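Got a structure here, written out as C-alpha cells. Questions coming.
Labels A, B, C and D are assigned to the chains in the order they are written; within every chain, residues are numbered from 1.
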Amino acid sequence: MTKKQLKVAVIGGGSSYTPEIVEGFIKKYDEMPIRELWLVDIEEGRHKLAIVGELARRMVEKAGLPIDVKLTLNRREAIAGADFVTTQMRVGLLEARRRDEHIPISHGVIGQETTGPGGMMKALRTVPVILDICKDIEELAPDAWMLNFTNPAGIVTEAVQKHSRVKTVGLCNSPINFQKFLAKEYGVSERDVMPEFVGINHLHWVTAAYVNGEDKLQELINGGKDYSAANVTAFDWDFDFLSSLGAIPTYYLRYFYMTDTMLAEMKESLEKNGTRADVVSRVEEELFELYKDVYLNEKPKQLENRGGAYYSEAAVNLMHSLYTDKRDIQTLNVRNGGIIDFLPEDASIEVNCVVTAQGPVPQPLQRVPEQIKGLIHAVKTYESLTIEAAVSGDRGTALQAMVHHPLVPSVAVGKRLLDDMLEANKAYLPNFF
Amino acid sequence: MTKKQLKVAVIGGGSSYTPEIVEGFIKKYDEMPIRELWLVDIEEGRHKLAIVGELARRMVEKAGLPIDVKLTLNRREAIAGADFVTTQMRVGLLEARRRDEHIPISHGVIGQETTGPGGMMKALRTVPVILDICKDIEELAPDAWMLNFTNPAGIVTEAVQKHSRVKTVGLCNSPINFQKFLAKEYGVSERDVMPEFVGINHLHWVTAAYVNGEDKLQELINGGKDYSAANVTAFDWDFDFLSSLGAIPTYYLRYFYMTDTMLAEMKESLEKNGTRADVVSRVEEELFELYKDVYLNEKPKQLENRGGAYYSEAAVNLMHSLYTDKRDIQTLNVRNGGIIDFLPEDASIEVNCVVTAQGPVPQPLQRVPEQIKGLIHAVKTYESLTIEAAVSGDRGTALQAMVHHPLVPSVAVGKRLLDDMLEANKAYLPNFF
Amino acid sequence: MTKKQLKVAVIGGGSSYTPEIVEGFIKKYDEMPIRELWLVDIEEGRHKLAIVGELARRMVEKAGLPIDVKLTLNRREAIAGADFVTTQMRVGLLEARRRDEHIPISHGVIGQETTGPGGMMKALRTVPVILDICKDIEELAPDAWMLNFTNPAGIVTEAVQKHSRVKTVGLCNSPINFQKFLAKEYGVSERDVMPEFVGINHLHWVTAAYVNGEDKLQELINGGKDYSAANVTAFDWDFDFLSSLGAIPTYYLRYFYMTDTMLAEMKESLEKNGTRADVVSRVEEELFELYKDVYLNEKPKQLENRGGAYYSEAAVNLMHSLYTDKRDIQTLNVRNGGIIDFLPEDASIEVNCVVTAQGPVPQPLQRVPEQIKGLIHAVKTYESLTIEAAVSGDRGTALQAMVHHPLVPSVAVGKRLLDDMLEANKAYLPNFF
Amino acid sequence: MTKKQLKVAVIGGGSSYTPEIVEGFIKKYDEMPIRELWLVDIEEGRHKLAIVGELARRMVEKAGLPIDVKLTLNRREAIAGADFVTTQMRVGLLEARRRDEHIPISHGVIGQETTGPGGMMKALRTVPVILDICKDIEELAPDAWMLNFTNPAGIVTEAVQKHSRVKTVGLCNSPINFQKFLAKEYGVSERDVMPEFVGINHLHWVTAAYVNGEDKLQELINGGKDYSAANVTAFDWDFDFLSSLGAIPTYYLRYFYMTDTMLAEMKESLEKNGTRADVVSRVEEELFELYKDVYLNEKPKQLENRGGAYYSEAAVNLMHSLYTDKRDIQTLNVRNGGIIDFLPEDASIEVNCVVTAQGPVPQPLQRVPEQIKGLIHAVKTYESLTIEAAVSGDRGTALQAMVHHPLVPSVAVGKRLLDDMLEANKAYLPNFF
C-alpha cells in the first residue's frame, strides 16, 4: 500500500480509554502513518472529550509526530473519508448500565452488562445507534473498516454484518489478555504462544494453548492456572470439571457454570458496593482528575485498572494488519461462514483469524468439544433473536430472546423481566414504543 | 411378503401395559398374523408375568385366534428367531424411579424419570441392559426389528444405534396422542390430520397441524387448545409466548419453560402424594388386582389412566407398516441423518417418518423455529454424553453430561447430585463401580 | 378439501399428447372433479388446437361428465383462477428441434433435444417464455400449481423455482415407465414396487428396486433386464460396468456412457431417417389425421408410440395427490433442499417424493454411489449456468455453460457451437440479441 | 522448539532432483539445523545414488556445515527416528512412464503421467509402495512428517491420509511457480504477492491474485499473462473464456479444456520426439554426466530445465514452517475438512494453508466459481475410486474409476484401456494379479 494520509475516527472519543489507543497509534506510527485522528462524542460528553482530547494532543506533541488530533461533536465530519472508524460508546451512559445490572438481580437473575438480560437491554439500546452510524459510513466512507469494541461486541458486530454493507470486525480484550498471561506463565514472547479459542464473544473456551508449538493446556489445568479480569469475580474452577471438559472456559462463563454462587455474590456485593457500574463510575472520576493535569503527557498507569486492559493494543494491531496485509493471526469477532458448523453462516463468532487486507479470515477449529455445543447454540440463538428484536422493535421476538436465554429460569420470569426492563429503557428504545 | 409365521418377543412382558399390546395384535391379526407371542421377564417379575400372561391367553382365546402366548424367564429363548422384539422395562423397578424423582428435588432440581438428572440415572441403569439384550438379538435374531418403548426412549434408541447392529426404532405415545386430540378437536378421522413434530424425544414442538391439508396451528394457539398427559401437570401456556414461538411445545417442555412453577408444584405434591413413582405404584397394584380376575378377557378400561395411553396402538401400527412396506407416515425416534442439520448425523430425533420395509425414513422438516435450536442442541448434547458415560462408566463424562443439562444450575450442584445419584444406584451401575 | 369447481389450464393444449391427459381427467373424475378444462395455444397452433379440442369434447361427452372443455388463444383467460396449470409446449416448434439435433452433430457432438448443446438451446428458448407465463400465474392464479412437462424439464423447473413465486413441480415419464416395467417383470401390481431414483432429470440412476419390500436390483442387473424408451437407441449395457456401478442408469445416460457409439449411430441414422424431429413430425401428422375422425371419441392406441407414454397418467396422479393431500410416493423434479448434499439447495433434482397438499416432499436417499457424483455435479453446473444465461442473455455465461458440459470436447468447439446455435435461434432469443 | 539434531530421510534419494533439496537445506541451516541427511534408494538406483550422494557431500563440504550425508539401500535404517521423510520416486522407472503415456494415445485418449488413464496407472503402481513405506514410518518414526512430492501427488497424499496414521502433506511446484511469476510480473518481492488457489492437485484455478493486498486477476487476464511449465504445451487460452470464467486455470487444465488440440499435438510430438518420458530420459542422462564431475560442488544451472523447478524450495519452506510453527501461508495438498463443501471431508485438496507446528491448516476460500465445481467433483471422484482400487486390487472399482474420468469417452474405450494398461503393469500390481 502506498497511501500516505490515514484518517481514523473514534466514536465515543471522550471515553477514558482513549489515551490507550492514542499511545498505540504513536507506537506504530512508522508502519501505519495516521495523520488525522478524529475524536467525536455527543453533547453529553463534551466536557470529557475536551479533557481527553487535550491529553491526546500533549501525548502526540511529546512523541514529536505529525498526527493532527481533532475534536468534534459532528459525527459525519469525523467519518467522512476515514480509513478506520472505531466505536467505544455506551448508549444511556453508566446510569443505564446501573439499571441493566440492578433489575435482573431484583428478579433473582444474573445482572451483568454483557451477559444475560442486562446484556440484552444494552444490545437493544445500542444496535439502532450503531446501525445509524453505519449509514453515515456507507455514505461517507464506504471503504472504511469499522472496528467495534462496543459491548455486547458479538451482537453488535453481527447486527452490522446483517444489516449494513459496512466492513466490520468486533474486538474483545479477553483473548489478548489470555495470550499475555500464557506468555508470561511460560516466560516466552507473545509471538511464541498461540491459544485456540472456540466460541462466541464472552462465551469462549480455550481448547489448546501452544507454546512454541507444544500444547500446554493440560499442564495449565493441572496447575490450576487461569486468567481472569477485574470485572468478574474469580471463583476457582472445579478441577474434575475442567479436566473432563478438556478446555478452559473464559471467566465470563462463571455466570453459566457457577450461576448460584455468582448470583449470591452479586447480591451481597450490590448491598456493599452497589453495582459494578457504581465501581466503574468512581474509577472514571479518578481517571479524569488525572487527565486534567496539564503536565501529564502519557497514558497514566492507573488506566490499567479500568477493566479493559489491552483493548487498544488489540485494536491498533488489527488496524496495522488490515493496512499492511500482514496475514498474522488474531482472535476476532467475525462472520461464522462454516467454521462452527452448527451455527448459522451469518452468526458472529470469536475465533482465531488470519488478518488480510481483505479482512480477517477465520481459521478452521481443531476441535470443538461436544459438551459446549448446546450452550454456544443456546446463547447464539438468544443473540440473533435480540438483533432481530432491536431492529424490528417486535416485543414477541424480544420475549423469545429473553425466554430462551439459558440464565432466565422460566417464561413467567422472563416476561416480567422484559416488561420491567423495556419500560426502564423507554427513552432509548424508539423502535419499541 | 409371504412369510406366514410371525414371532414377537416382549421384553418386560409382565408389565401392566401388556394387555394393550395384546389387544393390538388381536385387532390387526388379519394383516399381520402373529403366531408366537413370547412374554419374557426377569425373576423379580415372575409373579406379575404369570398374572398378565394368563390374561393375555384369555384375550386371545376370546378372539378365537391361533396366537400362541408363551411365558418365560429365559430371554434368549424368547428372542431366538423373533421378527419383532419390543422392550418395555424398568431397570431397578419403581424403587429406582422413586430415587430418580426424589434426590434431584432434595437438591432443588426437577426430579422426573425421563427429563433432567432423574432421566440421566434411568439412562445409566438402562443402556447397559439394553445393549446386552442387543447382543442376544444380534446373535439369535439378526433380522429382527427392536421396537423400544423403554424410557428415556431417545437416549436408549440412540445408544442401540451407536453401539449395536440391531435395527431399532424408538416409540413414544405423545405424538399419537396429539394426533388423536387433533382429530377429535376438528371432528375428522385420524387419517385426515397430519401434525409436524420437530425435536427429540420428550422435547419436541408441534410446528404445523394440518387438517385435510390446511394448517390449523395458529387457530389452536388462539383457542388455547393443547393436549397434555396424565403424568405432567398441565399449567397453561402464556399466549404471547406461544404466539411469538409459532409452535406448541410438548407438555414435557413445561419442565424447561416453567421450571420454577413445576419445581414448586413437585415439592408440594411430594409432600402430599409422594413422588409420581408412588402414584404409579398404587395404580399398578389396582391394575394387577383386576388382571387376576379369571373372568376378565379383555383390556380393562382402567388401563387408560395408567399414563401410557395408546403406546401399544403406536407399536402395533409400526410393526404392521414395517411388515407390509406400507409407507404411511408415523412419528418415531430414528437416526437423524441430515434432517436436523445442526445435530450429529447419528443422534436420535423424533420426527415424522415414512415407514418402509427397510425401516422408517425421516421426513425433511418444513420449518425449525430459530428459537428452539439452542435448547434442542443443549439437551441432545447431554443425551449423547450420557450414552457415552453409560457405556464407558467414565465419571468425568457423566459429570459433563450432568453439568451441561439445562436444568442443572451449576457445576457445584451438578457434581453433588451426580455423586449422590451414582451412589444410590450403585447396584445397577457395574460400569462405574 | 371441500372445493368443488376445479379449473385446469393446459398451455400447449393443441399438442398431440392432449387426449391422454383428457383420458386421465375422465378416469379420476370422482375423486378430482374438474369442471373447466382450458386448452390454450398460440396462433401458430390454432388449427391443431381445434382438432384436438373437438376430440377432447367427444371424449368427455362419451364419458357423460360435466367437464367444460374450453379452447382459447388467450392465455390469461385460461390461467385466471386456475387450480392447476400444465405446460407442454415447444418454443420454435419441430423446426427448432431439427436444428437442435442437427447443428451439434455437424460439429461432432451429440445432438439431442434435452441432453447436451441441443438441450441447452431448447432451454434458452423456453425459459423466458415459461417465466412470462409465470408472471400471469403470479397475477391471476397465485395459488395454482404449475405442472411442468416441458423439456428440458429439470432446467425449466429450476428456472421457475429460482425466478418466480409460482408453485411448480417438474414431471418426466421415465420414472413411471420404469415402475410399470418393474411391476410387469415381477407380475405384481404397481403399488407393490418401489424403485429408488437418484439424480436429476434425464440423468438419474435406479439404485434400488423394491418389489414387496425386497430389493431386486442385482437380480435385474444379472438378468440384463432394463427399460428403455422409443426415442433413445437401446444399446446394451456392459455387465461388468453395471455390476460394479451397483445401479441401473436411465437410458438417457447412454449419451454419456456410450458417447462414441451413440454419436456414430446418430450420424448414420441422420443420413437414413433425418433427425428424431423428422421422425416425430411424421408420427404427429398421422396422429392428427386420426384425431380428425369425428367418430373417434377416445384416446387412440397409436398415441402410445409417440414417445411420451404415461406422461399424462403421471400428471393426473400428481394433481390428484396434491388435491387430496394423499401423501403417496411419486418421482418428481423438485427443489433439492439438502437431499443431494453436494448440489446447491435451490437446484432441481429428480427423486422420490411424498406428495402432500403443501407440495411434494423429497425423500432422503438411501445411497448415492460415489461414482456418479461428479457427473451429476457437472451436468447440474451446466444446467444452472444455462438458466442464468437464459435469464440474463449473457453470452459469457452461456459460453461457460456450453464449455463445462461433459459432452463438449473443448473450449474451441464449444465456442463455435454456441455461436452457430445462437445465430440459428436468433428469432427466439431476444435476451441475447 | 529446542530439538537440536534433525534427521531427514529422502526416499528416492538417487533422483536428479536431490541437489536442489540439498541446496535448500544448506541455505536454511541456521534456522533448521539438519544434522543427518539420509539418501535412500532401491537396488536399481544404486549407481545414481552414489553419484548424487557424492555431489551432495561436496556441496555440504563447500558450505562448511556439519550435515552428515548418508547413503543407503536400507529404507528402515533411513527412516528410524527421522523428523522428516520426503518421497520422490517413480515405481517402474521411466519405462513405466513411457507406457503410461503411450497406451492411452494409442486408444485416442490423452496420455499423461498425472492426468487421465496414465495418471491412474501411475497411482495404482505407487499407492501400495507408499503405504508400505508408511508402515515403516508408523513403526520407526511415528512423529515424523512425510512430505510427498511423488505424483500423482493428490492421490498419493489422500491415500496416505486414508490408510495410515502417518502425518503427511502433498507438494506440487505449480503454486510456488505461479507466485514467482506474479512477483516478477509486478516487480515486487514474493512476500508481497498472495494468489488464491482453488481445486485439487494438477486441477486448480487461480481465483484471485493479490499484489500488496490488491487483486490483479482481471488485469492478468486482460493482458493475456499466465504461467506455464516445461512439461505442458502452452496453447493460449481463449480470452472470452477466461474472462467469463473469472479465473486462470493451471496449465494442466489444458488437457480438459483443449482436449482435441492437446491430443493432436501429443500424437504429432510422439512421432517426432517420442513421449515426454523419452525427453526426460535424455535430460537426466545429461544431468548425471554433470553430477559425476568431482569439481562440481553446487547445484548446476541445467537442473532448472528438468521440469520440476522450485520443488525443493517449496519442500524446504514447508519443513521450516512445520519446525518453527511459523504460521505463514503456503499452497499445499491437505485433507479437505469442510473447505470445499461439496467434496468428501477426507478428500485431498490443493489450497492455501497456514503452516503450524501441528500441520497445515487449510484456509477458507473466498470464492469457488460455480462453473468449475462439476469438473473438480468428477476428477476427485475418479481419484478416490483409484485409491480404493489400488488398495483393494478390485477390477470393478478400477473400471468405475476409469470410466468416470472426464477424459475417457465411453465405457467401451475405458474398459479396453483398463485391460491393456493393467496387463502392461502386471509386474507392479500384485494386488490385481
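In the analysis below, contacts are C-beta pairs under 8 Å (C-beta built on N, C-alpha and C of every residue); 3 or more make two chains touch, one makes a residue touch a chain.
Listed by chain with UniProt protein names: A, B, C, D = 6-phospho-beta-glucosidase.
Note that the structure is a prediction, hence the values are computed from the model and not measured.
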item: Path length in the contact graph (chain A (6-phospho-beta-glucosidase) to chain C (6-phospho-beta-glucosidase), fewest steps); value: 2
item: Which of A-B and B-C has more C-beta contact pairs; value: A-B
item: Chain centre separation (chain A (6-phospho-beta-glucosidase), chain B (6-phospho-beta-glucosidase); CA means) in Å; value: 46
item: Per-residue multi-chain contacts in chain D (6-phospho-beta-glucosidase), two or more chains; value: 341
item: Topology of the chain contact graph, where touching chains are joined (line, ring, star, complete, other); value: ring
item: Chain D (6-phospho-beta-glucosidase) to chain A (6-phospho-beta-glucosidase) touching residues, read off their complex; value: 1-2, 194, 210, 212-214, 324-325, 327-329, 337-339, 341, 354, 356-358, 361-364, 366
item: Of all residues in chain A (6-phospho-beta-glucosidase), those that touch chain B (6-phospho-beta-glucosidase) in their complex; value: 237-238, 240-241, 243-245, 257-261, 341-343, 370-375, 377-382, 384-385, 394-397, 399-400, 403-404, 406, 409-413, 415
